[in-house]
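Before anything else, here is the set of structures, which you'll find just below.
Presented sequentially are two complexes of subunit A, the first with subunit B as partner and the second with subunit C.
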Partner chain A sequence: MLEFLKNLDRRYIFVLIALAVAIPLIMPLGLPLTPGPEAKSMYKVVDSLEPGSKLVLSFDYDPASKAELHPMSEAIIHHAFRKKLKVYAISLYPAGPSMATNAFANMSKDKEVVYGKDYINLGFYYGPNTGLNQVAVFSQDIVNAFPVDERKKPVGSYEIMSGFKSLKDADAVISISAGDPGVPAYVSVANAIHNIKVGAGVTAVSAPRFYAYMDSGQIFGLLGGLRGAAEYETLEKIKGKGLSGMDAQSMAHLVIILLIILSNIIYIIEKKD
Partner chain B sequence: MFEELSIIFAGFLTLCIFSFLYKDNPFYRFAEHLYVGVSAGYMMSRGMADVMMKKLYTPLFNTPQGTAIDYSLIIPIVLGLFMILKLVPKVDWLSRWAIALVVGGTIGLSMTTRFKSDVIIQVRQTVEAIQSKEASLEKIKKTQYNIEADYSNELKMNSAHMEAINKLNQFLVWEAMALRSVVKSDGGVKNVSDDSLKGMQAGWLKAGEAKLEMDKQLKAMKTNLLGWQKLYSSAKVSIKNKQVALKEDVSKFFKNESASLSYNDLDMKSFKLGKELEKLQKLEVDLASSEVILKLRVKSLSDTITKVSSHFYPPAPNRTNLEAGLKAVQVLQKSLQQLMANFQSLEGDLASYVSASSYFSSKEKDPLLSVNTKSFFKGSESSMQSTFIKEDLQTGFSSTAYDLFKNLLIAFGVLTILVYFFFSTEHKGAVGVGAKVGIYFLMITFGASFGYTIMARISLLIGRMDFLIVDVSKAFTSMGL
Partner chain C sequence: MKREIPLMITFFTCAILLLQFIVDLPILDRMTNSINDSTSIVATFAMVLGLASLANVHLNKIYKKRRDWGYSIILMLGFVITLVLGCLHGVDKEYSEALTKVQYEAMALENQTLKKSGEKEIHNLVVKSNYYFVRNTDKVVVTKDIFDHLKAQGTPVEEETLYSVDRENRLFYTLIFENIYDPLQATMFSLLAFFMASAAFRAFRAKSFEATLLLLSAFLVMMGRVPIGEMIGSMIGLNAFFPDTSDFIMKVFNTAGQRAIMIGATLGMVASSFRMWIGLETEHLGRD
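Moving on to the complex of A and B:
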């Protein structure tokens, strides 16, 4: 048995992890989830905005990070639509606008929201220097950066654009980002230079880096990975992809922890022998 | 139908990629190459549409009518061509110009932005975080409006004001009575005796003196009223400053505390803070309306002064002008009655101001501001309205020890890690111990990051599994399979 475990084929572990993820997805366990202070802070700021306030959502990710970040975007859009905020989608990633289109399509179902009046997808703005250049432009003149929206119509023709000339006109900016360009650019330019309120939704891999920004007050909220999305969904009282994935996440973590313990036991036994 | 087929095909590609977990195979390679090709093609098409067409071709060759062609765009075209020249060995050095521009631009932007956000602000917050909460409290205290001094001034002005009103009131009552009795005692203008005439002339002179005194009082009152106006204006400015200071200080306080507060606490504090600011705003509106009333009073007083003066300068009474003089006295009496009515009304206003001031005073509250320094920090039962802020602050301070420990630990960790990365001195003795501790801090940091990395990767797996289980099965169902 010990020999078998010592030389265990890694593909057994793959199967184990696959089962740990798949079973809770098919049969949800309903494990409890308590939102953390970072997610609460993000929720609180969005929730405190008056109806008609301008919320900019920067879709700085592509399909590679969709599993982690898209549920966040959808939960925030749900919240914004419920609060009757005006939502402006922009992107520092070429594939970002299609993510925004998808999130808006999912969240506008059964809601009385109108494109161009309640929300708009301004598209992708190309720029070098890992987003700094783009955010600097957005902070000064967003209409110049996006003369036409994702539907190729002049942005000036939309009602939602009246009174929205730059990021400075926004009541809050949230970057849902898979890395650079993304949150760092918004923190370095929009917040540090122009004092614009910035919130962050990031992949779990990059989340530890952004806690420093949270502690220093440079961002008003932080959603880290799928858990961050699930926390926001809990606060918003909706059941999205974030919450449905948390049981699977917990089970997978449990399997990994058990495997680590087992490996250490085998190591200790082997050392004794 | 097309959408369902797309989803099923995407599911097939996902399985192809997963098949690599078993071993390398043609299905995996097919999916991998397709993914790389499609990604590159998509990036290129977006680049063509968003950059080449939107930012280069349209402004140069397809400009809207009335828009000038932007010839400066030729520069990036040339630099772009230089980049491509990297492929031509003879002139590949030209590509370095374009690369140098990009690198220089990036460094320039980073110097001014990332240095501020990632160094200056971070260092400042690290240092500020280990300051005691008492120091922050002291800072908030200093920003408070100097209420007591202003209140004392206000009371002084009130008492001078009231004194002036009383004196003037007494004088006017006496003067009106005297005038009436002189005219009445001789039974009309025509029968007035020489003695009465002389008395009236003497009284006229006295009335002139009294008028001068009244002028003086009225002017003093006008000055007082203008003083009130100034006080109210400065109070308005103070309230504005106070609002800004309160917002900044308390939001900063909440920001520092938010991590250690429960959601409900945070919610309640924000709610209370909002209410407090609302009160300040309401007070600002009240002050603005008081200022308007005062302005009206000043105008009314000025009008009365002018009116009284115009009737006070007919010639001294004699037999020929006595009738006209009596008419003038009657008009003057009416004016004086109006003035008295004005004074009484003003007295009423002032009485209400004084009673309001007394109310605030008894509540240990600022007469002009709703948040009093005293009640804010010392607290009293009678100042319930602002006690909650004090409670908030006290609640915050209860976690001082924990915060201090946390912040000191972070500062200590930062220092030891810096020691570890300082290679100019050999890691021996105290430096060696510091470096060793620094390694432990680094290991804990990397461990936390690694934990997050596992979570991220599992999240991606969940995303794909969810797609296979939910979306693909839905697509099959909707196709009747």
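Moving on to the complex of A and C:
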């Protein structure tokens, strides 16, 4: 038995993980979740914005991180639409505008929001220096960076663009980011130079890096991975993909922890022998 | 001079980019924009070179039937199909096609006929007023408010009606992006969970004091980050133990470590940039 466990074929582990993820997705457990202070802080800032305030959402991710980051984008958009904020989508990733289109399409269903009046997808702006240059341009003149929107129409012709000339006109900027370019560029340029309020939604693997920004007050909120999305959904009182995915993530974590414990028991027995 | 000229270019380019952050001079802004635009153009050429090199490597592999040449065929097919469809239909979910008034009326009539017979309209028609003024033969589009304001001031402004039809980019966006690229990327990322679990089972062992510390922190953070940790905690009478401990580890030890790394890396970057600026670092010129 010990020998079998010691040389356990990785395919058994793969099956265990697949079951741990699939079963809760098919039969949700509905485990309760308490939102953390970082998500609460993010929610509080967005919630405190007056109707008509300008919220910039930067879609800095592509399909590789969609499972983790898209639920948080959707939850924030839901919140913004409910609060009647004006939402501006921009992107530092080439695939970001498609993510924005999808999130807006999902969240604008059954809501009285109009493209060009309540929200707009400005598209992707290429720039060198991993985002720093792009954010520097957005902070000076956003119309110069995006002369036309994602639908290839002049941005000046949209009602929502009236009074929005640069990031400095935004009441808050939230970067939903899978890495670089993303949050660091917004913190380094938009927040540090122009004092623009910046929030961050990042993948779980990169979240540890951004606690330092949260602690120093350079970002007003932090959503980390699927849990961050689930926390925001809990605060917004909606059942999105974040919450439904947390059961699966719980079981996967549990399986990994049990495997680590088992591996250490084997190691201790081996050492004694 | 082969060495001095590139070093002088480096020095002046770096000086402009640095000064632009410190001094508020329009000429510096314009020069910085030009430098950044040049970088974008050079990067675009680099992309073309990269694609040419990729095609060269894989076509060679297919021609010489080297190991796993079948995968190269799939790669080349994906490359060519994506490129062609992208060039033909664009890369956005919807694209707008401009119409003449006659075309618009014909499509509107078709929509009306379908609507009368209880069917769904097939053309997503859009009529829009465009407000603009002309500056140096360029049309400057403005909002209705600005248009009204300029008109009241007596500035010559124009209004035109634009007819268009919005079409869905089914071939590139729906097929290639949504149905192929999107799930493939998600699959690649999801595979990590399986390999991570397997690697944790084989390598995550308390072999030393440091490894034990790492193991304990990982256990506490993993339990604290998922709802089941909260549930298990309350079952054994330690209500918020796992989330609180996880938060403590992240905010204290993790933040301290991350700060050290970030400050160290930034200082290193400043030092190496300065060396490059004043010509002590010449690796970018292709020398040691």
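Heads up, the rule we're going with is that the second predicted complex is superposed on the first by the 273 of 273 C-alpha atoms of A that agree within 3 Å, B and C clash if a C-alpha of one lies under 4 Å from a C-alpha of the other, contacts with A are read in each partner's own complex, and residues count from 1 in each chain.
Simple rule for what comes next: contacts are C-beta pairs under 8 Å (C-beta built on N, C-alpha and C of every residue); 3 or more make two chains touch, one makes a residue touch a chain.
In this text the structure is predicted, and so the values were computed from the model without any measurement.
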Is A:R227 contacted by the first partner subunit B, the second partner subunit C, both or neither? both
Quick one: is A:A67 in contact with subunit B, with subunit C, with both, or with neither? Answer first, second, both or neither. both
Partner chain in contact with A:I23 - subunit B first, subunit C second, else both or neither: neither
Regarding the shared-chain residue A:N133, is it in contact with subunit B (first), subunit C (second), both, or neither? both
Which of subunit B and subunit C A:S41 touches, first, second, both or neither: first
Looking at A:Q249, would you say it contacts subunit B, subunit C, both, or neither? Reply first, second, both or neither. both
Taking the superposition as given, does A:F14 touch the first partner, subunit B, the second, subunit C, both, or neither? both
I'd like to know which partner A:A212 touches here: subunit B for first, subunit C for second, both or neither. both
Once chain A of both complexes is superposed, is A:I238 in touch with subunit B (first), subunit C (second), both, or neither? neither
Considering only the contact definition stated at the top, list the common interface residues of subunit A for subunit B and subunit C. 14, 17-18, 21, 37, 65-67, 95, 126, 128-129, 133, 193, 204, 208, 212, 215, 225, 227, 249, 252-253, 256
Would you pull the subunit A residues touching subunit B in the complex into a rising list? 11, 14, 17-18, 21-22, 25-26, 35, 37, 40-41, 44, 48, 65-68, 94-95, 123-126, 128-130, 132-133, 136, 147-148, 184, 187-189, 191-193, 203-205, 207-208, 212-218, 224-227, 241, 244-245, 248-249, 252-253, 256
Complex interface listing, subunit A residues touching subunit C: 8, 10, 13-14, 16-18, 21, 31-34, 36-37, 62-67, 95, 97-98, 101, 126-129, 133, 140, 150-154, 156-159, 161-162, 193, 204, 208-209, 211-212, 215, 225, 227, 246-247, 249-257, 259-260, 262-264, 267
Contacting residues of subunit B [partner subunit A, same complex]: 21-22, 42-43, 46-47, 50-51, 54-55, 102, 105-106, 109-110, 112-114, 116-118, 121-122, 124-126, 129, 252, 255-256, 258-261, 263, 266-267, 270, 445, 448-449, 452-456, 458-466, 469-470
Help me check something: in the complex, which residues belonging to subunit C touch subunit A? 21, 29, 36, 39-40, 43, 92-96, 128, 130-131, 140-146, 166, 173, 177, 181-183, 185-186, 188-190, 193-194, 196-198, 200-202, 204-207, 215, 218-219, 222-223, 225-231, 240, 243, 247, 250-251, 254-255, 258-259, 262
